[in-house]
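Look at the two complexes coming up: subunit A is in both, with subunit B in one and subunit C in the other.
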Partner chain A sequence: MSAEPAAGPPADGAAAARLWWIVGVTAAILAASVLMGRYPGPYLTPPGALAHDELARNVILNLRLPRILAALLLGATLGASGAVLQMVFRNPLVDAGFLGVSPGAAFGASLAIVFLGGAPPVVQVCAAAFAFLGMAASYLLAQRIHLGDWVLRLVLAGIIVSATYSSATGVVKYLADPLRQLPDITFWLLGGLWATTWPDVLHLVPVVVPCLVVLYLMRWRLNLLSLRDETAFSLGAALGRERLVVLVAAVAATAVVVSKAGQVGWVGLIVPHIARRLVGSDAQRALPASMLLGMGFVLVCDDLARTVLSGEIPLGLLTSFAGAAVFAVTLLRRQVRLRP
Partner chain B sequence: MSGAALALRGVRFAYTAGGPEVLRDVSLDVPAGSITALLGPNGSGKTTLLWLMLGLLDPRAGTIHVAGRLREHYSRRELSRQVGLVPQDEPVAFDLSVLEFVLLGRAPYLGLLELPSAADRGRAHEALATIGISALAHRAVPSLSGGERQLATIARALVQQSQILLSDEPTAHLDLANTRRVLDVMRGLGREGRTLVFTTHDPNLAAAIADHVVLLREGRILAAAATAEALTAAALSATYGVAVEIAEVRGRPLVITS
Partner chain C sequence: MRPRSVARRTAALALGGAVALSTLAGVPRPAGAQGALGVTDAAGRVVALDAPPRRIVVVGHGPFMTLHVLYMFPGARSRLVGLEEKGGGRDEFLPLVDSAFARRTVLRNPGPEEIAALRPDLVITRGPTLDALGKALSQLRIPVLYLGLETPEQFARDVTNLGALLGDPGRARAINAFYQTRLARLRAGRPGAAARPRVLLLEYNDRGGTAAVRVPARAWMQTQEVETAGGDPVWLDAATPTGGWTVTNVEQVARWDPDRIFLVVWYRLDPAQVLATLRADPQWRALRAVKAGALHAFPSDYFGWDSPDPRWLLGMSWLAKTLYPDRFADLDLKAEIHAFFGTLYGMDAATIDTHVMPRIRLDVR
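On to the complex of A and B.
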């Protein structure tokens, strides 16, 4: 009988080296993504085409690059917000679906498609607004629940808000025109970055980038927020204020990217797990690793979504399939600890 | 009050407005550099008293002075430099290494956006060496035994450099060898001049290391005195509501329930 060695956190040097390795792989995926596509032929645009083919240049500059940047922002946001929510809730099985954010966006988008004409900007604004409302409702409800500690109250409130939104989305779908509106709702819910333009990217940047910068700068502090309340308090954390700052930053960025990309599931759940396995659980490294791995994962899935078939494969389908497979492998290879 | 690390006067506390008082008119001086045990049955208010000293709870009435200054006059960060906590069996949801866990003790000295420096890491390594757990530096905290985890928590409190350490049931769930190890470390901290306040259900634990004992029952202090004076059969019987005898073993009181 052989004893399996205890899997400890990686040593500092190894973890730092792996972080740089992740930077390199993400950069390589980014470079490859620019050349992947279905013009002039399937799968790849030869680098030489950039010099003499004006259409290839246009495709890359005006279609592919904004979409790639949107995928980077989407991946970084979902990876970071998943890592932040898991730490703040002290639970490795939490992602942006909690606090009513994603269900709120789904309800807002469905509502806009059925009752407000369904123009893309209206759908985005409505999705973002209801995602924020979901977070605010969860927070306010948690303050009025008299059961358990703050984390449990917020989880319970998030479940209530998410269930309400899901039911309301069901009502809107029931009322939708089955031939015209219902397919639009379904397509939005499947998630994707098709038809992303430079103005779309410019709308994402002013919210997403500052939020990610705040989370990155507060990354070491996240370790403190993952401790039990009395311990974090005894170490000088202003718990209410600091949690609010990181949650608002994580949720605001998520609401904005989800309003554009629809439901892109599993990224926020699976990416922080892989990041922690590679660089350790200290958020000083796990958070940037989650951002980078999120970028790489979404970029690869989006490359496949727009390249494999002549038509578009919904991005959310690919991330869910890939995420579920990776999660299964992770679980089978190592015991996941919910609470020690 | 002079010379008191913690001084409480007329402190009252209830968890809900209009609810029953958990602490009633508690006045207490904790001498600087002493080891003080808060002793009492379940629900007597020991842990609540500890949270009030820590600043986690605010009294409904009365005052709490920390190192001669009103507790509410400290900022959050200033107070955490004065008063540290060694919690009971602290759950850690993620696989932080012991070094990363101990380094969190530097949080009161770092700004919101600041990262720990090489000097901070040096202090964490020193604390691990002081407690004698340097070999555990790169182990994941959730993989430690209860005793090792408690020692890591004490090392984090050392890195925090607070002169007053509060501990909730520091040896609960520990076996005999680990209890002994934790007690030796606590005695060492006491000898260095740190003020230690800990809660316990076990009078023999109080007798083993405390200079002072506070006996609590139903939110009131029944006795607060030097250990030998406070740990009498009559006082313990009144505190726990059971008959108690005290034997002397190697010059120390040993509490036996009849």
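On to the complex of A and C.
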């Protein structure tokens, strides 16, 4: 199944123009983000301060920029992986969180923090391993459920796997040292980028960027991968291998960003929907649009998280609130048809 | 332009920008890696300053504990420019010590930028490891000193560190001598391990609408207080090793069957009322310690004497005298309280009598 607005896709020229518009808006948000913050006063750093205030330069270079770049990578990854998973599974209601990927990554990271020393590479590998396991378990379980169609079975399987992971994470939390380990795990459950530094960004780049490049380069094949097997086979596509490649890329990138940012929900679900509305469901445009919109959405939420109050608002809370509201409006304002 | 080229250029620009900026910014050197004043703090990090700090900010978990240690250094008071407040309102004790205390900038759950806006040259916080906030402040090259405060040994090291960084090691020695003298007296006065009573220390609170009793971690100051005062802590098998309260229940308390029960009552509750409630409870009433009248509320003044606030020494002294009234018959608690607030905070006797003594709740039964 695929999600399709009842009003039909936009024309090629209009879609291209909208993609440019998304690029422009994302760039504008990026520029504004650099100046938004709590130094030297609430909300804004005057550009003039950069000329004479060394601490202001330091705040921007060493606090805001790595965080902004991490937000961009996080948003692009969640947007892209959401779009890919929705297309590959032909299910508009899935994202990394629904299929057990994010809960799996959170469990893996918690496990690494409590029992394996918590070194960043160990946390990331463990997060990635359990994220893959989560997705595989959801997929296999869905094949064995004898209730409803594929969409429903996959959602149900994802709920089971995610709930299992959440319970297991609860057990790990219970066993964690409240002073040394529990704060790190709590960070996972709420999500946030407040501890991001340049070394963190440099840890993300080697995995996330190649995965996004792979997804980007294979975007034109995603249209084929979203077809039924028989149809795609008749068109000469080797679905098994290509599906594996895009799924591995999507899940690996998601696991790594989640290992740094914690559970940041709803981005992978709503962003692809908005992208398809704006530029059509052709993956050649929908995927880059999902990446760009994901960047913009996470960046705006993170700007609010670090600027509105003197203290930090967990990013995951903001994306969940905003995501739920946007999703409700999206579904209520225009009729969505689930097409077999 | 085709969408493919639009997105490709955008991706290339973003990636190129990221790499360029990360190269430009580099990884900042650790704050104060070189300096005339250097210490190793509770998080195991070397903190070095070129000169004593002139603008100090106190943040983090239980900031009042850190503030109360800092205020034992008279020269540090005027250098405090900001402090974090958590939960239940302003510190009512420090205005008795420092009339300008109310003018300090108050922060609530501050982020690194909020702290940086105060332009501190030293941030003091609590914790056993470098946390996210400390990591971010280090990126801004703002020195961060971690205090431990959880054991008498950690307390002594923290005081020494503060003295070194504040440029007042003499005051640190005097504070530590005050504590060591009294600790030595308590240790000398307690009996051997075989003769010690079985003691249970519990925290009682009704947060969330449900009454709960919890035991402290093995490495926490509450446990140290019981052991140093000559009690045999019965809850260690159920406690976490390094941090956190562990919820327990009356059934487990009955199994431990302690000789004495000391209750740390949450500050929003009335200790006398809590004790009365427990004595009226059929399950609690059946406990041997309760029957014997050995259910006590731990004392407090503006702050509890059980926590890793400098007051832990008063709590330890009270506990020793309560457990061994004969052995510590010459321990005059009123004189100790005067010595504590007078020597460590410079408060005169009239202020102590007028403002501190009426707030102290000793021997609530």
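By our rule, the second predicted complex is superposed on the first by the 270 of 340 C-alpha atoms of A that agree within 3 Å, B and C clash if a C-alpha of one lies under 4 Å from a C-alpha of the other, contacts with A are read in each partner's own complex, and residues count from 1 in each chain.
Just so we're on the same page, a residue touches a chain if its C-beta (ideal position, glycine included) is under 8 Å from a C-beta of that chain, and two chains touch if they have at least 3 such contacts.
Everything numeric here is computed off the predicted structure, so don't read it as measured data.
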item	value
Touching partner for A:Trp194 - first (subunit B), second (subunit C), both, neither	second
First (subunit B), second (subunit C), both or neither touched by A:Arg153	neither
Contacts of A:Ser226 with subunit B and subunit C, given as first, second, both or neither	first
First, second, both or neither for A:Gln284, with subunit B first and subunit C second	both
Which superposed partner A:Arg243 touches (first subunit B, second subunit C, both, neither)	neither
Contacts of A:Arg276 with subunit B and subunit C, given as first, second, both or neither	first
Touched partner set for A:Val213, first subunit B, second subunit C, both or neither	second
Subunit B versus subunit C as contact partner of A:Gly37, first or second or both or neither	second
Larger contact residue set on subunit A - subunit B or subunit C	C
Residues of subunit A at both interfaces, subunit B in one complex, subunit C in the other	284
Residues on subunit A engaged by subunit C in the complex (per definition of touch)	15-16, 19-20, 23, 26, 37-41, 55, 58-59, 61-63, 65-66, 69, 72, 177-180, 182-183, 187, 194-195, 197-199, 201-202, 205, 209, 212-213, 216, 279, 284-285, 288, 291-292, 306, 309-312
In the complex with subunit A, residue positions of subunit B that touch it	51, 54-56, 76-77, 79-81, 83-85, 87, 90-97, 100, 104-105, 107-108, 110, 112-116, 138-143, 160, 166
Partner subunit A, residues of subunit C touching it in the complex	1-4, 6-8, 10-11, 14-15, 18-19, 21-22, 24-28, 107-114, 116-117, 119, 127-129, 131-132, 135-136, 139-141, 217, 240-244
Subunit A residues touching subunit B - in the complex, by the definition given at the top	6-9, 11, 87, 90-92, 217-218, 220-221, 223-224, 226-231, 233-238, 242, 276, 280-282, 284, 337-340
